[in-house]
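Two complexes follow with chain A in common, the first pairing it with chain B and the second with chain C.
And now, the complex of A and B:
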């Protein structure tokens, strides 16, 4: 398979005043292949959303490279190349209530990207918008409505249509379902899967809902405090997690199966995620890890391949 | 046996500019000592409204409780209670954990003061004693450094910690009923598991009955003894956790259970998803409210609301599919055993 996005040593630091730096994403490397879905999971504050936005250069990276289709987007590129990147990499935002401009009609929202990247007449644009609205399960008469007239699920569909309007190859889905109701979640996930099959899209699917990530992703990466701690094929990751943090995350999933829940053993995770402003030395997870000892404080574990395609960052493994 | 809480024909409606929104449309249920009863359903199905009505937190004139409704707690009718009695009842007999710990705590008061507030009202007038009770409750909810937290403001704490403060406030007066309204929705997965474990431990320790309001079936499977599935202000199915998760009879319950991905299931298979959205609650909805979205809908479903059919024991359902003359259907939902 051909790599579409290669992220190498990506860093994004935020200055939070008085010489303090928040390392939201710190030395992150992974590859997303053409046509696959890479899931990214972790607790809030682990840097998964920052990672997604930095890859799209919505945030200026502090360091590292983002190689998109063979070209490093974090170096100086000709304008045409940048426009091409902005056109082919799109994002679906988390909160469909705040992601749509309340003063624009649905048609204006969807066609904004088209007018930037393509030369189309007004009637051609209207045609495309109409087609997109039907595609995502709404009807053409939604074009003249405003976001406040729509329900959460309908708004998220508009968010998807906006991303699709410029014919992208790569879409960052930043928690696209977490603000929605259960039955609507299933509708949106089904829509995303069918669009992917139809247009050969590549997704970076960011979520904290582990069972949904497993459902939609080919490979899954687990993030903790700005680092990737484990990356593997989604089946393998859920069947044999290697990193203690992944194990704890897996066992925290509450399944809708009371009999199974009664017999299963749960590995409890003590405490909460430490502040990313002053993370622990060595392995960042050691303060909550049940297996941690002195050696964990000394060395920063590297992401190593433990079996084909299965990477983990733990010195014990 | 006498029930701890007995709710009869509860109907709640809101007066809005668009008309009367009938959020809860005549529901009956009871709660016994030591049990956990869960309300499950999508947003807008009336589960939070029901929970808040038990505490009489919704105020007239915008809210109207049906004339025939009664909520009986230990022989007293909560709906007819005087203001003074209500004040004794809230927090002391029944207390509530709210959905969002970020907005439900007072940002201008220290956590300690917020816990002591209800203790001073219900248990003791002595400030020193109240402080000790508050500290003990904080220890009970397993918060690290309880003395320090007493003096801190909510913004200094993380989401998980704030939720623990909320639980401490609710438990400080040792209520006999604890209402938990989406206690874990705003929290991270790992913290969610911690809070559920804590609630389960506290329930055993304090012997309180719990009403759990949630849309998260995982939480329900871990915690609830009995479950009531609500849709458009009606209870459509009720039963024990076993009945609902493994032997459910209502198409809406099937759909709910099927729309969450199973860990053991094939990847990228389409999830079962319901068509459309829940009905507008301004409409009268004399028939089965789920008829418009139900794939097994029969002509009669669009005319009358089905009577309650008892399946066995505590398991009962409002659906014409259980009628002896109804066509046999294969339930959508076949439980796969996760390994």
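And now, the complex of A and C:
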């Protein structure tokens, strides 16, 4: 498989107040292959959104490289290259309410990117918008409505159509379903899956819902305080999680099997997630890890390949 | 069984009903056209607009149709009640009140509208710069603004009127605007900061829309509607402040006049000739009420969430 996005040592620090930096993403590396879905999970506040937005250069990276289609987007690139990147890499947001401009009609929203990247007449654009609306499960009738007339699920579909309008190859899906009703979530996920098959899309699928991530992803990365702690293909990760943090996350999933629920060992996460402004030394997870000892405070664990394609960052493993 | 094990078929998109696709939707409308349509449907706002137009029209043509000049003193016709000769009566110098009310209205309305516009323009620039540059620029500029805001605006107005001396249109406007931009500046800054962090702006950036177009298409329309409404609501406030200034003798000086000055003049005769106060007072009240009601309707019209 061909890599589409290679993230190497990505850093995004926010300046918060005088002389304080918040390391939202710190030295993050992973690769997304063409046509796959890479899931990204982790507790709220661990830097998933920041990671997704920095990859798309919506946030200026503090360091590292983002190699997209062989070109490092974090170095100076000619304008045509930047515009190509903008056309090729898109994003779907978590909050379908703030993601659409309340003063634009659905047609204006969806066609915003078309006018940037393609030369189309008005009627051609209207035709494309109409097709897209049907594709995502709405009707052409929606074109003249305003966002507030739509339900959350419908808005999310419009957000998807806006991203699709420029014919992207890669889409960052930042918790696209977590703000929706459970009954709508599966519909949106299935829409994303069928669009992926049809258009050979590559997804970075961010979520804190492990079961949904398992459902949609080929490979899954687990994030903790701005770093990846484990990365493996979806089956392997769920069958044999290696990192204590992944194990703890897994045991928080409720299953629908009461017998299994009785016998399985639960591993609760102790305490709160530490502040990214002042993270623990060495392994950042050590303050909540049941296996931590003195050595964990000394060295920062590297992401190592423990079995083919299965990476984890724990010195104990 | 986990949530992910629910059979996929159960959640297939059934797609749109083919028969509905030919259905002709609502006619294509732009945001401003849609707002205008909603404004037209609002009876109160339209009535207020009609009253305002009438008042403005009368201010323009009123002094011409009365057959009297606003300065013309006629000792023989002092303190006359309304008649066919003097429609609103005359004051204690025998000047025609109909002419004077509409001449004064020119001053009042011009001051009210220009002060609101000047305050809004300064406020948009100041607030826009704060929001755009952020950081230290924002901090310093907001501190300066707070210093201005901490003194009651009437004190500025009175001090400036006294310092600038012989009051005319310009000095009154300057006095009114010294502190008036503070409100719009805060409003614009807050609105801009809020919009800048909305995800639709990020989406536009991800699509490669230029900064200029983002400002033009997202920031300005979302800020402007708030500002337009604020201007409409500010006008009656300025008209009233001007009336107050004239009332205490710091406003327009005779023989020029304004509604406030007319009320002040009528005050001494109020016991015997109440109609002298009635006409300018009712004009002040009508104008203020109309602007407020119209502003109300405008706010509703510009907010698409209220669209039916």
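Keep in mind that, in the parts below, the second predicted complex is superposed on the first by the 310 of 317 C-alpha atoms of A that agree within 3 Å, B and C clash if a C-alpha of one lies under 4 Å from a C-alpha of the other, contacts with A are read in each partner's own complex, and residues count from 1 in each chain.
By our rule, a contact is a pair of C-beta atoms (placed from the backbone, for glycine too) under 8 Å apart; a residue touches a chain by one contact, two chains touch by 3 or more.
Just so it is clear, the structure is predicted and the values come from calculations on it, not from any experiment.
Asks: What is the contact status of A:272 with respect to chain B (first) and chain C (second): first, second, both, or neither?
Replies: It touches chain B, and chain C stays clear.
Asks: Check the residue A:234 against both partner chains and state whether it touches chain B (first), chain C (second), both, or neither.
Replies: first
Asks: Touching A:299, do we find chain B (first), chain C (second), both, or neither?
Replies: In the superposed model, A:299 contacts neither chain B nor chain C.
Asks: Based on the superposed arrangement, let me know which partner A:208 touches: chain B (first), chain C (second), both, or neither?
Replies: Only chain B is touched by A:208; chain C is not.
Asks: Could you say whether A:20 touches chain B, chain C, both of them, or neither, answering first, second, both or neither?
Replies: Neither chain B nor chain C is touched by A:20.
Asks: On the A-aligned overlay, A:281 touches which partner chain: chain B = first, chain C = second, or both, or neither?
Replies: A:281 contacts neither chain B nor chain C.
Asks: Thinking of the overlay built on chain A, is A:186 touched by chain B (first), by chain C (second), by both, or by neither?
Replies: Touch status of A:186: both partners.
Asks: Which partner does A:144 contact after superposing on A: first (chain B), second (chain C), both, neither?
Replies: The answer is second: A:144 touches chain C but not chain B.
Asks: May I ask you to decide whether A:253 touches chain B, chain C, both, or neither, giving the answer as first, second, both or neither?
Replies: Touch status of A:253: both partners.
Asks: Name the residues of chain A shared by its contacts with chain B and its contacts with chain C.
Replies: Touching chain B and chain C on chain A: residues 186-187, 189-190, 194, 211-212, 214-215, 253, 255-257.
Asks: Help me check something: in the complex, which residues belonging to chain C touch chain A?
Replies: Listed in rising order, the residues of chain C that touch chain A are 1-4, 6, 8, 10-13, 15-17, 20-21, 23, 25-29, 31, 198-200, 202-209, 217-218, 221-222, 225, 304-305, 307.
Asks: Give the list of chain B residues in touch with chain A in this complex.
Replies: Its residues touching chain A are 42-43, 144, 158-161, 188-194, 196-197, 215-222, 241-242, 245-246, 255-263, 265, 267-268, 270-274, 277, 335, 337-338.
Asks: For the complex, give me every residue of chain A touching chain B.
Replies: It is residues 43-44, 151, 153, 181-187, 189-190, 193-194, 208, 210-212, 214-218, 234-235, 238, 248-249, 251-261, 266, 268-269, 271-273 of chain A that touch chain B.
Asks: Contact residues on chain A for chain C in the complex?
Replies: It is residues 53, 56, 58, 82-83, 86-87, 89-91, 93-95, 98-105, 107, 109, 112-113, 116-117, 134, 137-146, 148-149, 159, 162, 166, 186-187, 189-191, 194, 211-212, 214-215, 253, 255-257 of chain A that touch chain C.
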